[in-house]
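Letters are used for the chains, namely A, B, C, D, E and F, taken in the order the chains are written, and counting of residues starts over at 1 for each.
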């Protein structure tokens, strides 16, 4: 437990977290500091490009096994089922309408790729070497949760949230999924040779770019929290902290059952614990326009994301190490 | 210079709905439109800005169509069907255009 | 399709004054507005463009508000107070809107 | 608030022609204009978007001029000469402006 | 020939090509993956900055000789004459109007700087060391082809495509030419000392940036092909593949006559084989608005660029090595 | 003195200066070369991020002492008082109105961070190691000059330039100050450990990014000079060259009194000599809209910035070395 505290303290004073906090503080202080939209998108493209490629190269190095395939399957199943858990928790802990609860629930089945990146970085610093294909698991977990949210509405809601023609394709061919999976496959095909070519671009500057990106996320999350504080009832706030722990628990079980390495278990926990703030919100605006975006964006980006970044990840590290007798 | 009566319809709509709107417009026989970027704004659902945003969920675009007066109604019908459940502001202005054969 | 009379007010103003303008608009009871980016332009104080600019001093934005006709006057008063000493162009156009309950 | 009659002319034109158009406008005595960015659109020559584009060949801009009513004709003549062989949409709207001495 | 095949296969599985393909596939699948315009322009500025500077430094290292001057001259002559060849080929192989044929022809006298970069990278991997001033040849070849296209119209067309006042300056002071030539001159002046200062910026990350840029080009080319497939008659498609080979042949002869190294010959072939998709289209929109842009953009970016990238470059490498008895 | 000339010559042919000149030349030649606004802002964010962080790490390494605190104080005092000097010089040397003179004066109390970066780079090349906290001094000097300009108006002008509610917060929480100070503090907290994480991002590519940024500044400054040449009377031009020398003199004295190292003295001179072109112009547009922006932008960005970059910095280096008997 002391170790966890030390890691948590270490994590809290890493430049990555501090730049996120700088962003939040600047937003609350109403500074006009901002990252242009095109640059923010450029940073995000860089991160997806880099982690997809690295994941693919690592699979090229270690080969494919049934565990990879099972992990992908398990990821999809988790992404489908976690929203149902989230939905019932929300209905118990808050007064959200069916529509809002389903929309929020969808976010928690899906994932946050930056949380995943931050966890990978902590795992590596702690000497773990997670399976490279966890990137592919992340990609697989992005979309199913959206279908799950729509199913929740169809089941419990009054209005129909019909799977509008075109939406499914839009979700599956979403830019971040395509880039992440595409870079993964290219990394896989080109392996170490490819890596040698582009390593100076995707490895050395990676942590610095991540700092800048987290500054931007802090600015956006801070702005959201500042403007939408009122939607954050204690019940909702509680959900935003409890649900990642529930997700992480499920993720830990799944990782152990799959026989993943401690690093892999930790990343599975992180994926299950994290909530989407890019793919799912966009899909919800299309399919569930009646759901209030400030509720789901504030919870996902304003509560769960910072929670995972600061406290969640050290906990998931400690638990995964304890579970594997580390 | 000879000008011709026309209408300019501006449809402010969420960026995620842009393709659905333009598809509906084309289906309704609208042959031309232009998409203008929007930086931010404020309405009943609060204030927003595109600064620093990575996702598409939070932004809007402005789709402008210049059409002959008699084509406004089918256009508005088509636009309304897309905008109906969504955030969106539709406005129509009388205008004059050069080169009427283009519309 | 049923439309309703309204006015569209466009206020072109220096980017540094945007927040002061929108605050004044909100104070004057304007419930909705949209900010459009501006690339460049020319006027009595010369030509300008945003290309390559790092600071905010040199740019403008366009704030558009659609309001019921009876709300134009308070809006213009509020806008004028902000624009008065500053560079800015204010124009008003008659328009028709769908969903009048929104304005 | 006292307003004055004016016209707002919007000229949507290919980005490569922007400088030629604004030069022609200045030559025709137009003292002010504003350039708005355009994200994409669709017309007889197909659909286009600026996303990912490096060159300037594929894009358009919107040049807006607010002028006194009596100045519209020379403006349209000047604009037409530039737009004539090129892709471009010219529209004119009646508007009211504050501070008429600026136009 | 086996060697060529091996190089071609190697080339086809390089990350650079694979990211281009990813872009094309994403565009065809109508994914919403896109690179913001500002980022795409930023990547292009980086590439011009880096290759211009490197070329200049290499000239500083190796000194100037008459061969440099003759190469520049030869480049200009090729850029002037290739459009005439292209024009007659087009009139024979397709039903394009005089205007469209002249506009397309102009593109093939000019060059694609990314094709040049990709070829340089393949040449270097193959152990060749092309003359550094080939970058300056590339810059010289950008513009003359445009005048050639206007001359073709004046000669064979009905309408006048008068050299409108200002157009010539606009063409010659085009942003990419100015940046490329400017960086070249600065590299030349500052030499190795300058290179040491900025090498970590322009060398190590170069290949990675190129991958991202080619992803963008794939997205744009794929979008163009998707929307303008109908203009691509078999005759035009044939031209888009034949013309680069004709250009490469002429380039090979020129390079040999100039006494360039095998790497230099290969790059001369590539320049002659490649077609412009930035400078010339913009000039054509101004000077020949009646010409249909989907024809020239689809051919240049949708057919000839991918052809050169995938098959052309390995061929040019093999031929240049064979010619120099390599 | 020979040494200074050599350094000046060296400085004039550094890639940084040459890219600035390229930008100016391209703007005067009316080339369409331009850096997209988002990229220019991105480069500026990178530079602030990097120098703030490096400064903080250096303070973490060397510790805090009273000299640091006194330097910050001295910086603030200089920023308050230099505008008064500038105002009287301007009233003597030009026919500017009170309003225009006060607005221009405000710019010269504040600082240009890129001039600071360029000077740091020259100082380091010359073997000096300036105090890391000079970055914090730079941040402290950004804003007070604005208050000073408003005070000048209140004292000598007819119209009231009342300190409008909100302006002070806007000035102090200006994006560049927040980023610079934030990165400084984070660098301080995380120290060498943090630096190791992000060094490959903020150190190796730094000079290259600076070149690109100076290309952009050259383009913007050239455009401004081209369009506003007419405002530049000989008196104003003289002021634009004399004032930095006056500032530098004051800075040298201050630095010596504080007992700074030669590098620190040189940077203090540079800060005092440089004029703002981001924070102060924005504040002046809000508070003094009657002042003519082409006057202050042309002077600051078109005269003083290039003067400092080319001749000023070598002079400040020579003087600081001479003063400390170097």
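Assume contacts are C-beta pairs under 8 Å (C-beta built on N, C-alpha and C of every residue); 3 or more make two chains touch, one makes a residue touch a chain.
Remember, it's a predicted structure, so these values are computed and weren't measured experimentally.
Under the contact definition, chain A and chain D share the contacting chains B, E. The mean-CA centres of chain B and chain D are about 18 angstrom from one another, to the nearest whole unit.
Between the CA-based centres of chain A and chain F the separation comes to 41 Å, rounded to the whole angstrom.
Measuring from the averaged C-alpha position of chain B to that of chain F gives a distance of 45 Å. Shared interface positions of chain A, defined as residues touching 2 or more other chains, are 32, 34-39, 41-42, 204-205.
Shown for chain D are the residues that touch two or more other chains, namely 36-37, 49, 56, 93-94. If you check each pair of chains against the touch rule, the ones that pass are A-B, A-E, A-F, B-C, B-D, C-D, C-F, D-E, E-F. Per the touch definition, chain B reaches chain A in the complex via residues 14, 16-17, 20, 45-47, 49-58, 85-87. Remark: chain E residues 34-37, 40-41, 44, 166, 216, 219-220, 223, 227-228, 277-279, 281-282, 284-286, 289-290, 292-294, 297 touch chain D in the complex. Residue ranges of chain C in contact with chain D, taken from their complex: 12, 36-44, 49, 60, 62, 73, 76-77, 79-80, 83, 89-94. Interface of chain C with chain B (complex): residues 1, 3, 6, 8, 22, 26, 31-37, 61, 66, 93-99, 102. By the touch criterion stated above, chain A contacts chain E in their complex at residues 36-39, 41-42, 45-46, 49, 53, 169-170, 173-176, 178-179, 182-183, 186, 189-190, 194, 197-198, 200-202, 204-205.
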